[in-house]
Amino acid sequence: MVAKTKTLAELSTMVGGELTGDPDTTINGLADLALAGEGDISFLVKETGLDRLQSSKASAFIVPQSLTYDDKPLIRVANPYLAAARIQNFFQYKPFQAKGISPMAHIGNNCHIPTEISISPFVHIGDRVTLGKRVTLHPGVVIGDDTVIGDDCLLYANVTVYHACIIGSGVIIHSGTVIGSDGYGFATDAQGNHVKWPHIGTVQIDDDVEIGANVTVDRGTFAMTHIMRGTKVDNLVQIGHNVKIGENSLVVAQVAIGGSASLGNNVVLGGQVAIKGHINLGDGVMVAAKSGVHSNLPKGAIVSGIPAIPHKDWLKASIIFTKLPKLYSELRDLKKKIATMDEKLFPANEQE
Amino acid sequence: MVAKTKTLAELSTMVGGELTGDPDTTINGLADLALAGEGDISFLVKETGLDRLQSSKASAFIVPQSLTYDDKPLIRVANPYLAAARIQNFFQYKPFQAKGISPMAHIGNNCHIPTEISISPFVHIGDRVTLGKRVTLHPGVVIGDDTVIGDDCLLYANVTVYHACIIGSGVIIHSGTVIGSDGYGFATDAQGNHVKWPHIGTVQIDDDVEIGANVTVDRGTFAMTHIMRGTKVDNLVQIGHNVKIGENSLVVAQVAIGGSASLGNNVVLGGQVAIKGHINLGDGVMVAAKSGVHSNLPKGAIVSGIPAIPHKDWLKASIIFTKLPKLYSELRDLKKKIATMDEKLFPANEQE
Amino acid sequence: MVAKTKTLAELSTMVGGELTGDPDTTINGLADLALAGEGDISFLVKETGLDRLQSSKASAFIVPQSLTYDDKPLIRVANPYLAAARIQNFFQYKPFQAKGISPMAHIGNNCHIPTEISISPFVHIGDRVTLGKRVTLHPGVVIGDDTVIGDDCLLYANVTVYHACIIGSGVIIHSGTVIGSDGYGFATDAQGNHVKWPHIGTVQIDDDVEIGANVTVDRGTFAMTHIMRGTKVDNLVQIGHNVKIGENSLVVAQVAIGGSASLGNNVVLGGQVAIKGHINLGDGVMVAAKSGVHSNLPKGAIVSGIPAIPHKDWLKASIIFTKLPKLYSELRDLKKKIATMDEKLFPANEQE
């Protein structure tokens, strides 16, 4: 890989920043404050870390607009974290390399596979599969019959996509993830035996979705499980059959979303959250880590707890929870005191 | 696949139903109320959704016996959900296709593999493995030495079964699942180093068990981890060493069952439940999602919470939990009031 | 495998025990009390299970020093569980078998692979990979470019290690585990789109670490995610980017450790625990199963609950939690009683 360089002026233009310092300074990488060295640009997300900026060896810094400091080369922007991510994407961008189809891969019949492709050894592609341009399939990837994958997708090693799934463009799926497994649907007979529901639906994953490692996304019972554009799913998440997740949502590690639940756009689910099946979460809902959501939530709700309640209420209740033993003993004391007072006030009531 | 068709009369007989409407109506598929079209049968689980039935385009409907409605062709049954599942199994049934052993698979020495078999490319089978008839192994499946798999099993891509495991007939295992990994057993020395316990036990999975995707089932320390007939395990479940799960139990996604725990028949564990090691759950126990069970539970217990308590008690306590801040402030007010009253009643007590 | 035997005297010496009974008794295996037979040694962890020892068919027993019983051959030790583990390791030890490199494996360019190696079919090794001596890679293992693996490592089937990771000696990784996937790091623009942070860091796993099945360990954003010597990680655990786990820690199944969290040595995290990102846990911290830790914890802290509080406090509060409905109704009663008393004491206050 040829090393990339940019002048500070070019980087500032790239992120729409306001430059302080020598515009011709050459930058060839981005690192965090602790690791950055000569030739790197670094970034400060909030003004509060100024001491770490001052001790950093980076040649320049992306900083908040409001920062009152001028002793080092700076690019001032509204959102330093975002600007830094954009610059890092520039430095780390690797053009697609078409390695072709490994002779140690297995390709089924009647597939549509463009020439601009990278299919590693031990990849297994079923029949009638369509792959877009610049798709990279790492070793051990298995793609079922009739599945369609869009342009510029990247599937890491040992990902499994079952039959008849639909994956958009620019989708990244990390290792060990399973897309399209049968949902957990059974009908129970009078003897307690569970009769399996065949799952004839599918999974659709829209453009620019990223799915972490060892995630499971079940296929629909009749229709589809649907993850919409730009949503990012962390590792070890369970997405049940018929679930719909809107655009640009964030689903943190080990979340479980029950079957037929429907989530809006820009929803944020913290780690280990559980969403009950068949409920709806409006746009922009935020659920704190480890919470369990049992009922519909309106647009913009922020909730915590099991069952989840408004976050502010949960915070207050949680603080009292830790005081419960004290509260309990106070109540005991009050009861005694009241009994004494009662006896004095209403002597005749004593035997009531 | 040749399309299957049945008359309404035939379907009604198949599920022991009571038919209303033209018995000769031809049905060639089953779908839910929203998706079903001409030629499909659909189903209504409860009477309450009658409006959705009325607007459905299906040609006939499986409905509860009690439904008072007669304008469309109906099959009345005691359990519409079950009847629909049976009919769907009829329509979706695909006979086993013996594709044989791929030349891109690896088969160890001294295996017993019948001719009626489907072994995909990149399947690795160890030595002395026995496979039953009509077993399908998808790509990337790895079967360890000495493992035995019964008839009609279906292992999806990238499943790993370690050595010396025993799997019954009709077992379905979804992608990424790991059967027979070492249990989490260590003895700690005086310096804090953890000495590994070699796990010489095994895993036995009985007939008609289904296991979801990315599940982990550890092998026994000395004896076996045992999942009994008809039990269905959802995705991303952890089953520790020496665990026993009885027949026809349901284990929902992301449950963790601690080592040496023993569950009865027809147990239901909700999503993200944790069962402590070395405890017993009786037949028919139900544990609500996200609960943590720390002690034995008798037959039929229904529990919730961390630690789990009877579900009814937990519901009541949970409601009060949300009122804790109010309760706390009321208690503060009462204390003040009592102090005032006390002062009036027992002026001499003031300094007590 | 040739069967191993030891005399009771030899075993007693091996674990520094005190022997009672015939020192020449031949022992050829170790099993638990229920399964042990003639020729086996078994073990009793605590004195309380003496009846199970008495009914066991084992030929000898490892027991606590304090046990007052002498009717069977015994080895008395300070820690019977540890001594039994050491003896089992002796009996179960299997020397490394160098099976070489399978012709059905794929080895990249410029790798360093010693002759003493076992690389199974369908293993994929990238470019510039270094493997230590006596490394065993089971089928379906994928090792990314530039990764380094130390001596005596054992990677079970379908493990994925991404590029540029560093794994020490004596490391065991169970099936389906993913090491080095991108961390969950995004910067969100004004339109709500999430811009991916390229993860240029790596993962380092030190000597004698064992990692269970279907675990995910994300690579660092800039620097590394680091699991230190002797730590044991159970199945389905999520370890976020930049996390550091100290030596000899225990991380039980389905734990999630948020990005940039730092754990000390000998930390114990119970099953399904969540550790918030960017916090520090001191040496020896213990977190009860299902807890959520939101803030730093000092050395030796023992905590429970969501959010986690000192374990003793949590136990007390949990007990009161179950009494909340009773407490609530008592408070209602007290309020009424106080109102009555108040009316009598301060008649004029009635309308206040």
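So that you can tell them apart, the chains are marked A, B and C in the order they are listed, and the count of residues begins at 1 in each.
Going forward, contacts are C-beta pairs under 8 Å (C-beta built on N, C-alpha and C of every residue); 3 or more make two chains touch, one makes a residue touch a chain.
As the structure is a computational prediction, the values presented were derived from the model and not from experiment.
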Graph class of chain-chain contacts, one of line, ring, star, complete, other: complete
Superposition rotation for subunit A onto subunit B, Cα-based, multiple of 5°: 120
Proportion of interface numbers common to subunit B and subunit C (over half same, under half different): different
Distance between the centres, which are taken as Cα means, of subunit C and subunit B, whole angstrom: 25
Junction residues of subunit C, two or more chains touched: 122, 140, 158, 176, 214, 236, 254, 272, 306, 321, 323-324, 327, 331, 334, 338, 341, 345
Subunit C-facing residues of subunit A, complex: 31-32, 34-35, 79, 81-82, 84-86, 88-89, 92, 102, 104, 120-122, 138-140, 156-158, 172, 174-176, 208, 210, 212-214, 230, 232, 234-236, 247-248, 250, 252-254, 265-266, 271-272, 289-290, 306, 318, 321-325, 327-328, 331, 334-335, 338, 341-342, 345-346
Of subunit C, residues touching subunit A in the complex: 106, 122, 124, 140, 142, 144, 158, 160, 162, 176-178, 181-182, 184, 186-190, 192-198, 200, 214-216, 218, 221-223, 236, 238, 240, 254, 256, 258, 272, 274, 276, 292, 306-307, 309, 313-314, 316-317, 320-321, 323-324, 327, 330-331, 334, 337-338, 341, 344-345
